[in-house]
C-alpha cells in the first residue's frame, strides 16, 4: 500500500494555488481613474482578504498534516479530492458574499461552504489516521485537534445567526480565521518529538 | 531512454489542477441576494460535480498508473499531451451541458469528449506497455483493465441513447463515474506484490 | 554557481501548464443547443489545436533540454523567463487568429510571436551552453539543432507570405508544428550515450 | 522544527506562475482585423511587460533566497503567504494602470502595491534570518541587501511624485525593475562560499 505522497501534495498545491489566485479575478478594474472609483470594490476586497486567509489556513494545515504522513492509499486520495471540491467553491461563494454586500443568504451559504470544508478536512484526517494507525504521529496530532473542534462548533452558530444579524456571523468567521492565524506549535513540536523517538 | 517521469507528473498535475479548477469559473455569481437566485445555477452546478468527478478519476488513475512506471520516452510524452488535450475540452463541454440544461446535442458531445478521453488514456497505456514490456508491472495492471473496457463500451451506448432520451445518457455517465469512484485495490495490490517480488 | 534546476523546471511547468490551459477559455459556450451552433467556433477551435501543439512542443523540448542540464545560473533564469514571456503571448494571439478567421494581420502577428519564441529558445540554449561548456551534453545536443534552424528560417517566409496569401502562411505554421511532432530521438540517444560515457 | 521547504517552494511557484500568467488575460483581443486595432492595447501591454518583469524579479529572488534556506517554520509559512497576498494584487493594479493610461491614482496605487510587496519580502527575510540565526547564509546574504534597501527608499519617492507628474513615477518604477534585472552575483557567490566552508 506504500503509495508515495508526493503527487498528492503536488496536485493539492496546484489546485489550492489556483483557488487562492483566481479569487482576485473578481476584483474588476474600475472604469474611473480616481480613488473614489475604488470604493465600490471594498466589500469584494474584504471578502477576498477573508477567503485568502481561509484558503491560506487550509494550505498551511494541509502542509503540516502531510508532513506527518508516511504514505497514502486510495481512500486518502478521494478524501483529499473531496476536500478540494469544497475548497473549489470558495471563490464562487466569496464573490457572491462581496457582490451582495454581505447579505443574509450569501453569508449563510458562506458558512455552509466553510463548514463543509471543515467536515471534509475531518474526513481526510480520519482516512489518514485509519491508514497510519491510532498510535501514529498523525493520530496523535489530531487527537487534541482543539482548533478544528471549535471551528466546526462555531460554524453552525454563525450560520444560525444569519437569521438574527448577518454581521454577527461575519464576526464569527473573522474570529475563526484569526484563531488559525495564531501560530500553532502543535505539529512542529510533535514532529520534533516524533523524530527524536525514532 | 531513461528519461525521468518527474516532470511528466508535474506538468500533468499542473494541467489537470487547472482544468478541474477553471470549471468552477462557470458558476457565475447570481445578481440576486436570496436563495432563489441560486436556482438557475442548478444544472451548471450538477454538470460541474459530474465533471469534477471525471477529472478527479483521471487524475487518480494517472497517479496510480505512473506509480508503476519506471521511465518515459518521447512517445509517452506525446501520448500524455494527447490525453491532456482531450481533458482540456472538458470544461468547455461541461459548461455547454449545464447552460443547455442537458439537451440532446450537448449530452451527445459530452459523451464524445468522454470517449475520446477514454481512448487517449488507452493510447497512453499502450505507449507505457510498449516501453516497459509485456511482463512489466504496468502491463499486468492494464491486462485486466475491467473498468476501462466497460467504460469504453458504455460511452457509445450513452451517445446513441441521446437520440432516444438524453436523460438515459446522463444516467450512464453518472454510473460510469460512480463505478470509478468505488475504491480500486488492483494497482495498490499489484504494486505491493511487485515490490515484494523484487 | 551550483544552483539546482528543480525550481526552474517546476516554475516553467506551472507557467506552461497555465498557458496551454487558459487558451481553452476562449472557446466560448454557444447560446444555441444544436450542433449548428458549434460551427462558428471552428476557426477558434482550429487555432486552439495549432497553438496547443506549439506549446506542447515547447514543453517537450524544454523537458528534453533540461534533462541534459546539470545546474543553472542567473542568466539562465532570466533567459527562461524571457522565453516564458513570449510564450505567455500565445493565448492572446491565438485568440485573435481564430476570432479574425485567419486574416492577414493576425496571421502576420502569430508568425512574429512564434519567431520570437524560437529566438528566445535559442537564447536560452546559448545561456545553457555557455554555462556548461562547449563539450557538454547540452552543447552537443544543440550542435546539430536541425529542426530549430529550419523553424527559424521558415517563420520569416511565412510572415512574408501573409502579404501574398495568409493561407500559405498557415500551411507553413502547420508544417513546422508537424515537423516537431515527429518523434525526435536525438536527445534520448545523446542522454543514453552521455550516461554510458560517464 | 525541521519542516521541509519543498512544499513552500512548490506552492509559491504555483501561485507566482498563475499571477504572472493571468495578467495576460487582460490583453483583450481586438474586434478589428488590422494592425491599427492593436494600438489601443499599447498601455495595457506596456503595463503587462513592467509587471511581468516585477513578478519575474520576485520569483527569481524567492528562488535564490530559498536556495540558502535549510528548513522553515510556521512564521515563515505565514510571512510567505503574506507576500503572496500582495503579489496577488499585482494583476489587478496592473490592469487598472493600463486601462487608465497611467493616470495619477492608478500610478499612485501601483507604487503602494509595489512597496507593500517590498515590505512583505523584508518581513519574510526577517522570519528566515530569525529561524536560521544571525550567522547563517541567509542572514549574510540579506546583510548587505543593497538593492532591497534602494527599492524600498525609491517607492515612496515615486508615490509622492504622482502629485507632480505620474510619468516621473513610472520612470522610477522602470528604473527599479531594470536595477533588479541586472544580474546579481551576490547569492550565487555566497552559496558557493558557504558550500566551500562546510
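Observations on the model:
Letters A, B, C and D name the chains as they come in the text, with residue numbers starting at 1 for each one.
The definition used in the following text is that contacts are C-beta pairs under 8 Å (C-beta built on N, C-alpha and C of every residue); 3 or more make two chains touch, one makes a residue touch a chain.
All figures in this text were calculated on a predicted structure; none of them were measured in a lab.
Farthest from chain A, judged by the mean position of CA atoms in each chain, is C. Shared residue numbers account for under half of those found at the interface formed by chain A and chain B, and the copies are therefore classed as meeting with different residues. Copies chain B and chain C of the same sequence differ in orientation by 90 degrees, per CA superposition (steps of 5).
Chain A and chain B, compared by their mean Cα positions, are separated by 26 Å. Distance from the chain B centre to the chain D centre is 37 Å, each centre being the mean of its Cα atoms.
The residues of chain A that reach two or more other chains are 10, 14, 17-18, 22, 25, listed in rising order. Residues 1-4, 7-8, 10-11, 14-15, 17-19, 22, 25, 73-75, 77-78, 81, 84-85, 88-89, 91-92, 95-96, 99-100, 103-106, 109 of chain A touch chain B in their complex. Looking at the complex, you find that chain A touches chain D at residues 9-10, 13-14, 16-18, 20-22, 24-25, 27, 29-30, 33-35, 38, 49, 52, 56, 59-60, 63-64, 66-67, 181, 183-185, 188, 191-192, 195.
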